[in-house]
Amino acid sequence: MYPPLPNPSVQPSAMQFGQEDLVRRSASSVPPPSRQQTEVAKLIDVSKCIGCKACQVACLEWNDMREEVGVNHGVYENPMDLTPSMFTLMRYTEWENAETGNLEWLIRKDGCMHCADPGCLKACPAPGAIVQYSNGIVDFVHENCIGCGYCVKGCPFNIPRISKVDFKAYKCTLCSDRVAVGQGPACAKSCPTQAIVFGPKEDMKKHAAERIEDLKSRGYANAGLYDPPGVGGTHVMYVLHHADKPEIYANLPKDPKISPVVELWKGLTKYAGLTAIASFIGIGFLHHVVSGANRVSDEDEKNAKRLTETQQGGR
Amino acid sequence: MARPYDVGPKDQVHPGNPVTVDRYTAGARINHWITAISLVLLALSGLSLFHPSLFFLSGLFGGGEATRAIHPWIGVVLFFSFLGLFFRFWRANLWKGEDGTWMARLSDVLRKREENLPEVGKYNAGQKLVFWLMSILIIILIASGLVIWDQYFSQYTTLGQKRAAVLIHSLAAIVIICVWIVHVYAAIWVRGTIRAMTKGSVTGGWAWRHHRKWLKELVTGKRDDQGSGARPAE
Amino acid sequence: MTNSWTDIKNTDLVIIMGGNAAEAHPCGFKWVTEAKANRGAKLIVVDPRFTRSASVADFYAPIRQGTDIAFLLGVINYCIQNDKVHWDYVKAFTNATYLVKDGFAYKDGLFTGYDESKREYDKSTWDYQIGEDGFVMVDDTLTNPRCVWNLLKEHVSVYTPEMVERICGTPKDKYLKVAEMVAETASPTKTMTSMYALGWTQHSKGSQNIRSMAMLQLILGNIGMRGGGMNALRGHSNIQGLTDIGLMSNLVPGYLTIPNQKEVDFATYMSTRGFKPLRPDQMSYWQNYKKFFVSFMKSMWGDAATPDNDFAYDWLPKLDVPTYDVLRAFELMHQGKMNGYICQGFNPLLSFPNRTKCTEALSNLKFLISMDPLETETARFWENHGQYNDVDSSKIQTEVIQLPSTCFAEDEGSLTNSGRWLQWHWAGGAPPGDARSDTWIMAQIWKRLKALYEKEGGPLPDPILKLRWPYANPDEPKADEIAREVNGYAVETVYDATDPTKVLVEKGKQVVSFAQLRDDGTTSCGCWIYSGCFNENGNNMARRDNSDPDDAGFYSKWSWSWPVNRRILYNRASADLNGQPWDPDRKVIAWDGAKWSGYDVPDIAPGAKPDVVGPFIMNPEGTARLFTRGMMKDGPFPAHYEPFESPIANPVAPNIRGNPASRVFQDDMAQFGDAEKFPYAATSYRLTEHFHFWTKHVQPNAVMQPEFFVEISEQLAAEKGIKSGGWVKVMSNRGEVKAKAVVTKRIKPLQCDGKTVHVVGVPLHWGFTGVAKKGFGPNSLTPFVGDANIETPEYKAFLVDIAPIAEPVS
């Protein structure tokens, strides 16, 4: 058993990380943090997950969110997708393993991956609406959020959702408010089988390695850790029985990266665009200085007058 | 007698000193300025969301949220306003034979060597280019803008389409801003131009110097573009 | 459970069959994941559906519902054929060597002594041969054809792999793989744990399902072992407590029985409860029955229960039928013979089979009292909710009284979990509105009844008038007061039986455990198996020390477990005839030459010599029973019987419908459907998102699983033109439900006896009250028949038809 985090003290405790631990802040620059927090991670062991949705309920309860009671759509997912109030969602895939001939019911807890290189933060135009702490948590700061939805486009995992009520972006916070006082995320706390564990990322990797070894001993030759390098690694990682085929787990991207389109938009375009605009202004200015105004001469006026009079005379 | 395509029904040449020439009706001017203000507001609000260093511009609109909310609506205003301009001006902006020549001699334009340029109608090739670029870019902007107007339309497109749309929208916005700079600069550089959009008229000398064919048409009331008609002297 | 939840981590192999632990017991299921991590344990799931448990299993095998006995007897046959038997264990600790009476036989699906008209057996031949010494005759060589082992061997021989495949629909290779994995645990150093639940109990032969596995576990030597045992996963946080405390129509607390009407006096009652040992030197612990019974009577009536009045024996009700189980109660209401019903924490309108009959039965009542924290469907059975409860309120005259009660989080007390742990809990909040505790409500009813008897008199007023009521506030007894009463105390000073000068318990003090109880009226004890829960050491149930020496999984200082804080029942069987653990790495207790000791409280007298006294001390034999004598109504061995509604005839006994010893009321017999009209095999189950009918009142749970649905295979969906997410109608011979369809690969058609059998899954969490979408329950469809022994309704196997429909207008 991965030792669970102890219950919190009833005494108020000091915040373990905060504004001074920011390493990135959307649409703004921050001074390097004075200290480096231990990188944390949530490890989701898909092979242990029984899809009970306790994490979903814990998430709703802790964040004091309420979803509407929906309907059955012929599947076990409910709600059918992440929503502004449902930060995490069990996604179920019935997969027939052609090699063994066995059915496998793959159940993946979807939600924010807390990328080391967060596409949402990169895309965000509102200063301070998305922040990244040195412990790896990527958090949305709602008072700064303007609801533009750029984070949705920036995210390689299609996670943030914009509220139809306050038009702000919502996603898993990795329970930054709980982590700040030494607790793990609510979902991990509620997970009955320890399919979700939380701790220092290095420890999580070690724990994952043990789990992968166990899975390999049970015939899952391609068991592995999902910590995709394309986004610099994530602070939510999966143990997958078929790490060679992450896409079978409800389209978990095989090699997620911030979309090249987004990179172009938030990279070259951003700089080239302003350069182009500035250049046009500059060229105009220069042209004016060099060539001077294009003025109508008296001669032109006379010619016009002459033309006018000629014609009127001719009539 | 048929009126030349680029001459308005009420446009007249008023004798005087200087001669004045009607160029834009009050309706056209109002239409233009609505479009112009919309475009400026769109540029300012759009730029505030485009680059962090310009986010302060969102303050002009009451903050980031308000900017995000209002920008697409201004876009809608611009679209319909420009639609009005389009229907007013599209005929006069059709490409003519002399426009190629004018374009080929752009260096003469920039060097103010008007004597080397062909006589042009109500719009020269540069103005026509601005017109058509604006038209195309506004269509691109409104279309891509709707795709990323999440508040109402997020469910109709995929994430990939939205990503493409946001890139296209920003690229088109940059281009339209550049076109706009050209447009504004030209209006400033070519003195006597701005009064066309303020007073609605230009001086005869301005028309003689820059749109001599148009002036002649106005004065003669004769159209020249139906195929076999005499070409104006260069 | 013979073992505990935490002990599951000690196992090598988990078999989930007749249950779906991951789905219905997700918190307890963590110990399966622990076993996998701890010992590299494997998990096998055998179920008609590929369940959530199957999703994390090492091996899954499909099975047709209601055929578990064939499967398990097949595995026993496999073990016998392949010599995968823990011989030392079987010979010493079971009745394998005992000789059975010559008259006993099994033929054509019936045991000796069947009376078809009564649907009952004369069980007189179902017993041992008793020698002249008064003890059972045995054959240690296992050569006598009448010894239990040879009878068993013959009995299971019909369940060949081919027969198992034919009956169960489990492909032979998959079945053999399971058999092979299970058989490996015949090794003394390997154990298997059986986790089962309502998937085994809710059948017309539910008890025999469980016996089959218990027999297999004995043959493999897995009972009493760490990581072994028979582990019933109870479906409710305190349902173990309910049975322990005797809330059954034929029981008083601690599994003592209510007298029947033939037991006219105490002496007669006790005459069949002597439990004389059947083998030499055995403990036969039930010899203490009278101590427990008399102490119980003292707790009920205190000073009014005296030796002179047989400790108030006459004040106990006497049964005129074997049980007044729920099915009989509703049958009697339906006949108009029972006309009042107090429904305490229960929702029969959705819980009992054949809902139409339930509604009719409730409509016949003069009054219905519902004591519940929630607005149950039962309390609203008279209210029209369109198609979801289509009744004509004007025709129902039943007076319904709703008494809102506290829920578990709003009061103090203990909950007994599946592992027999009594865990004390404290109130987490105040009850809302007018809700009052159940003890307050019961106290008020008693007070008013008492006042009426005092005023008006009436026949036999004593049981009410003289009820012992020693609570500080008579209007609302407190949980700790009741717990102390349940634990028991010395009415008079109790002396050592062997040394009368030695005081064991001073008058008025709590007894340490049931070992101090007496049959002369000097002790009082509300529930003997709970004795020790709240003694002079304090409230042991409230202990919260989670230390676990050597990570052995006992957690003996956490709460308190019955009996006497023992965590593994029959733990003497974990050691060999020398008293040394079969598996040295998994010691439970060991014999040091003079006494037993170890991690757990020994389930044997501390000085009982290992080669003399058998581990199964509750049996007069001292051994466990592969052959269960006359204890079961439907046979001393399990035998495969089809469900009453089955898609195929019984391949081993084609002329027998259902379990021949199950009670079937006349009207209900006519309501069974057949496979021609209702071709699909349906089963009911819970979903992990919900707890029974409670959580549809809870908003987040309702979000997680909002709407009633049924599950079918892709093949059946294609055959019937049903779309996933579309509407269907499911019909049985008793009613119909409308539901969304979930079309899934997790249900596959089975091939049984040459026929394709389609399975229809019907989950049970919806009704017409609460915040979830209104829906139906499986009980609108299920037959009104129960297990032959304990009358648990047959919810897990019935026949239906299914058809796509347009979306109903609500």
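A few notes on this one:
By written order: A, B and C. Residues from 1 in each chain.
Please note the rule applied: a contact is a pair of C-beta atoms (placed from the backbone, for glycine too) under 8 Å apart; a residue touches a chain by one contact, two chains touch by 3 or more.
In this text the structure is predicted, and so the values were computed from the model without any measurement.
Placing every chain at the mean of its C-alpha atoms, the farthest one from chain C is found to be B.
Chains A-B form the pair with the most C-beta pairs in contact. The centroid of the Cα atoms in chain A and the matching centroid in chain B are 40 Å apart. Mean C-alpha positions place chain A and chain C at a centre distance of 49 Å.
For the pair chain B and chain C, the distance between C-alpha centroids works out to 85 Å.
Residues 22-23, 26-27, 29-30, 33-34, 36-37, 40, 42, 50, 52-56, 58, 60, 688-689, 699-709, 723-726, 740-746, 771-773 of chain C touch chain A in their complex.
Interface residues of chain A facing chain B in the complex, by the touch rule stated above, are 27-28, 125-127, 144-150, 152-153, 158, 162, 167, 259, 261-262, 264-265, 269-270, 272-274, 276-277, 280-281, 284, 287-288, 291-305, 307-309, 311-312. Those residues of chain A that touch chain C in the complex are listed here as 1, 47-54, 56-57, 60-61, 66-76, 78-79, 94, 96, 102-107, 192-195, 210, 214, 217-218. By the touch criterion stated above, chain B contacts chain A in their complex at residues 13, 15, 17-19, 21, 48-53, 55, 58, 63-65, 67-69, 110-112, 148, 150-151, 154, 159-160, 162-164, 166-167, 170-171, 173-174, 177-178, 181-182, 185, 188-192, 203-209, 215-216, 219-220.
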